[in-house]
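Each of the next two complexes has chain A plus one more chain, namely chain B in the first and chain C in the second.
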Partner chain A sequence: MRSALRSQYFWGVVALVLLVGVNVVKDPSFVQITINDGNLYGSLIDILRASAPVLMIATGMTLVIATGGIDLSVGAVMCVAGAVSMEFLANVSDPGSLTSVLSALGLALGLSLVLGMVNGFFVSVLGLQPFITTLIMMLAGRGIAKVITAGQNTTATSAPFRWISNGYVLGFPVAFLIALVVVAALALVVRRTALGLMIESVGINPKASRMAGIRPRNILFTVYAVSGLLAGMAGVFTTANVMTVEVAKTGMNMELDAILAVVIGGTSLAGGKFSLGGSVIGALLIVTLDKTITFLSIPSAATPAFKAVVIVIICLLQSERVRALFTHRRPRPPAPPAQNPTQTLEEVVA
Partner chain B sequence: MKPPAPVVEMTGISIEFPGVKALDDVALRLYPGEVHALMGENGAGKSTLIKALTGVYTVDAGTIVVDGQQRDLRGTADAQDAGIATVYQEVNLCTNLSIGENVMLGHEARGPLGVSWRRTHAQARAALARLGLDDLDTHAPLSSLSIALQQLVAISRAMVVDCKVLILDEPTSSLDAHEVANLFTVMRRLRDSGVAILFVSHFLDQVYEITDRLTVLRNGRLVSEHLTRDLSRGDLVSAMIGKDVATLTSLGSERAARVTDPGAVPVLEARGIGRKGSIHPSDVEVHAGEVVGFAGLLGSGRTELARLLYGADRPDTGEIRVDGRRTSFGSPVAAIAERVAFSTENRRDEGIVADLSVRENLVLAVQAKRGWMRPIPRKEQDELCARYIAELNIRPADAERPIKNLSGGNQQKVLLARWLATAPRLLILDEPTRGIDVGAKAEIQEAVVALAAEGMGVVFISSELDEVVRLSDTIVVLRDRREVETIVNGPTVTADTIVGIIAREGDAA
Partner chain C sequence: MSTTLDVERPTRSPRLRPRLNLAALPTVAAVVILAIMLVYGELAYGKIFQLNTLSNLFISNSYLIILAVGLTFVILAGGIDLSVGAVVAFASVSGVMLVNAGVPSVLAMVAMIAIGAVFGLMSGVLVQYFDVQPFIATLAMMFLARGLASILSTAPERLADDSGFRTLSDEIKLIDGPKLNDLVITPNVVIALLVAGAGFVLLHRTRFGRTVYAIGGSEQSATLMGLPVARTKVWIYVVSGTCAGLAAVVYTSKLGIAQNITGTGWELDAIAATVIGGTLLTGGAGYVLGSVVGALVLGLMNVLITRDGSIPAEATTIITGVVLLAFVILQRAVTHARRRT
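Presenting the complex of A and B:
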């Protein structure tokens, strides 16, 4: 129990359960899951589907933040990915064919990866501050999206592309399954290889890491590239859902959701130790929160304030200092055995 | 002679951390107008006791009486109110602010229109003058000063708050002899004005030179309190480590004049390597099984030369051969691939990764060498840790503890283990014994001797000439950022020989 309480995202899980509870009290049908045509439907399933984009960017953001950086450009990269795929599908002769869909997907992910690599190049090779670099990319990205669509909100029709976001496999939303597989694969790569250790090491002390033979430059470049790629996937999920890219809206403020998910997940913004599991919880929480807001019919004007209050409470609960106010005093395990036979004052004086 | 009432009286102090009883019923008395040494090995509880006195830690039991008043110190502000000021080992000042701003930070002179910078600087000058630093320009940035002067600035900053007690935690660890003398002049001046100075240092010479009384701690307990002049060095060391001193002095005597086969190919041979603004072109040769000492004053280029050998900095002249093959180190990665390892003097900034565990810190270099794709199996990691914790006597023997919770000496041992785990051909140790206690120091020296005996080439850098002379087969003497002479160690070579070389070159220049 104690270790569960100490786990950094414990309060995220509690908040998640509470939020679901609140919704159930308001309307028990919230947790109802119906099966139609072998596919699952219900509010919880909606949450899973809607969480796919946030899961993507929160995962990338976790790795970036673990190195002590930040990626403010994920929302804009989402928009670029959406723009390039929609524009391609709108202009290709057979948007419904598998080749077209795969090409659209490849274009979107490829371009996002390039943008991530540009971030990575500026941060790791040129040594620019991550905040500035990705802020520039945040502005530039939306500009690139507008150039791609000539300022229009491009709409396309492609059933297979739409399936990426709205389809079902084994009863579950495809988008969620893809997100799950991607996150799981990444978690496996990070934790089963030494990449995670190196990311943490670079995040805590880049100089010492370099002296120990790690190449901080490669690590930094990698995390920004991965973050860009994942943002591209998030952009595909978001646009495929409505088959429209709104250049001024798609991915707007998503970077903030991603950062919040990471923070709720217990990863410090100062870099270092990170928890991908925590970020998954954080992402689910943020989506559930959005859902709750509509479910409770909170007026849209009050939505940001409500969201802010809930998140502040979670962050407060996680803060060491606030927790210290509630739990008094540190535990007292036995002292380690003394290495030398202990001499008392009297013996020495005598 | 001794004034009747102590200015600080700590009694029955106990502090516990999770898993460690850091202090157990410790007492400390400081009298006005004395310099008092706090002695003990790393992990003996010196830092914890200081932090109790400066309000960083709150005590679990015991009383602190300052100036006749019982104090409940719950923060550094409380301690400052009580007239206790501290200058830490690593100078905690803002290098980008001016000297005057640093001295007066938080106590700026205020006028009707906010801070009066003119008066602030005037007061800063006055404070500096008290320490005999009249000639400093208070408008110059702090970063323009040497570490030694920065430390004096830190002291004068402490004096601005009109302190009665000044705590100096390892103030001399990065100073050369001349700078230490300056510091001592300042300390004597303060002592004579009635300030009680608590002095923490691992340098016994300095303790005997400057202190009046001393308190010895061991394993978080009080061992004894003495007048410094009444206690012999041997007794002091024995009190600190609880061992006989003879075992320590015998060390290194087996390093008799070792004969290196002149025809053998050196493990590492550097010809004319140099870097502009850092070190003039120099030659270094290290054979298998040889300990090469770098001797010289602080700032003589010892570290700079070592960094070139490791590729931490890129040399812009000269060439390096490893086992006779020409190679170039553009980065530590390349050096590690050639099995060259470098343990930095800057443990905190370039050595440890504070938040990671001992195990993670220990395997870091091996892991980096293998690449991220080939993680070291956990079982192997645990075996590595168990082995080095036992071999180097790392305490506490818990590989999962964050390394930041270990004492400096034990952190140093973990770093040594990090490099040994890579099985280097050449191990460069830059100040491996700085700021650590006699016990750990002896253990590290023993390890160096043992490694050389196994055939490893070792470069050993230390400010303590005795140590260099005792351990090295060959000594490279540096001065003013250039290699001035390389001498073969022998029975006739002593620390004085090296001082002579440094001084002689000084006259010539």
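Presenting the complex of A and C:
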């Protein structure tokens, strides 16, 4: 029991169960899953489908935050990926063919990878601060999306592309399955090789990890590139769902969702440790929260404010001052972990 | 870090002058760029060196000057404030709604400035007392302010044309030139210049200002010197938030409309103005008047883009981003050069 309590995502799971409980009290049909043509339908399945984009960006953001950085550009990259795929499908002669869809997918993912690599280059090679680099990309990226579609909201029709988000395989939404496979593959790569440890060591102290033979430059470049690529996939999921890209809205405030998922999952914003499983729980929690808000017919305008308050509360819980309030009777741990982050941050900045 | 400083000190002190020049280099660069842009604009498109063009430059960028001055305090101390644009949105929407509900304009303005100050205070307390990283704390405030603005209203809120609020944008002719070529200012411009002046005095002539620079140079040293680091760090965010509230007053009086999406991307503009003006993003060096120059560079850039007409308006944020990036890289190069000497 104690180990379950201490697990990084225990509270996330509790919150998830509570949220579902609230919905069930309002309307018991919330948990009802019907089978139609061998495919599952229901609110819970909708949540799984809608969680695909959040899962993607939350995973990328987890790795970036673990290195002590941040990627504020994920929402804008989503918009760019959506814009380029929609624009391509709207102008190609046979948008329904598999080649067109694969090219659109390739273009979207390729461009997002490039944007992520640009972020990675500025952060790792030139040593610029992550938040300023990705803030520029966040605002310039939306500009790029607007240039791609000439400021218009582009719509396209392509059944196979739409399938990426709305289709079913083995009764489950394709988008969720793809997201799950990607996250699982990534989790295997970072946890079954030394990559995860290297990412964490860069997050704790880049200088020391370089002394230890790790190349922080390559690690940093990789995590930003991966984050860009995953954001591109998230953009494909989001636009394929409605087959429209709204340059001012697609991916808007998604960086908030990603950061929120990451901190709910127990990854420290100061870097140095991460939990992909926690971020998955965090992503599911956020999507359930969005769903609950619409389900209880609360005006959705309030959502960002509410999420911001949750982030502030989690940051407060992570801070030494608040922790000391709760733990002042127990003996202090030998090395207070939160002392390092400020130091690492200074070093990254310097 | 502190040890390397100690080792380098003997070789460094005799070279005090070149170091100071290096610190001022970005600001000098900003002034030069402003001059080049003015001359280029005059040669390429004409009608730049005109009283009305220059008046308009100040009139339409007074809000940006105020934001940039506020942000200079934060960045000088090594922090960042990403919430300014969203705070402007929330303050504007609440201000206009207050006026439309019958509250006197002056009270509404005070309320708007107070809203800004409260958001700044919240950021400052989070950063200083709860060890939240500045960009996370202010990012949370950004979403909070934007969300609250959206709760208030998602439709444009209009001020009546004869509302007392709008007197701040009444044009006053200083020089009555031929045709429409007048030197015009508005109370808004006066407010912006007063804010810049107050910022200058506060940073360069008071203990508070010296403490801000000291914190940016090295927070640890500032603490060891016995400077009131904690208090000052909270105050700088309050200054920045208050400036955001004031910018909301200025912008709303000029436009007469407030909306929940007002000020999207202004944090980038304000950071760009500050950084172009020569304030180091890592803190410790910079000038408040440089930020004013930076704001004018951005404003002039918009004028030139509009005059040129061949660049799509959508690309403006890309250009601002690239310019900001160029200056951040320039700063990296300068700080590297400083460390080598």
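The working rule: the second predicted complex is superposed on the first by the 299 of 350 C-alpha atoms of A that agree within 3 Å, B and C clash if a C-alpha of one lies under 4 Å from a C-alpha of the other, contacts with A are read in each partner's own complex, and residues count from 1 in each chain.
Keep this in mind: a residue touches a chain if its C-beta (ideal position, glycine included) is under 8 Å from a C-beta of that chain, and two chains touch if they have at least 3 such contacts.
Computed from a prediction, not measured in an experiment: that's the story for all the values here.
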Report the partner of chain A that touches more of its residues: chain B or chain C. C
Return the residues of chain A at which the contacts from chain B and from chain C coincide. 338, 341-342, 345, 349
Can you list the residues on chain A that touch chain B in the complex? 192-195, 197-198, 200-201, 204-205, 207-215, 272-273, 330-333, 335-336, 338-343, 345, 348-349
Chain B residues touching chain A - in the complex, by the definition given at the top: 16-21, 24, 218-219, 221-224, 239, 241-243, 312, 331-333, 336, 342, 344, 349-356, 360, 364-365, 367-376, 395-396, 418
Contact footprint of chain C on chain A as seen in their complex: 70, 72, 122, 126-129, 131-133, 135-137, 139-140, 142-144, 146-147, 150-151, 253, 256, 259, 269-270, 299, 301-309, 311-312, 315-316, 319-322, 338, 341-342, 345-347, 349-350
Per the touch rule above, chain C residues touching chain A in the complex are 1, 78, 80, 82, 126, 129-133, 135-137, 139-144, 146-148, 150-151, 154, 260, 265, 267-268, 271, 281-282, 312-318, 320-322, 324-325, 328-329, 332
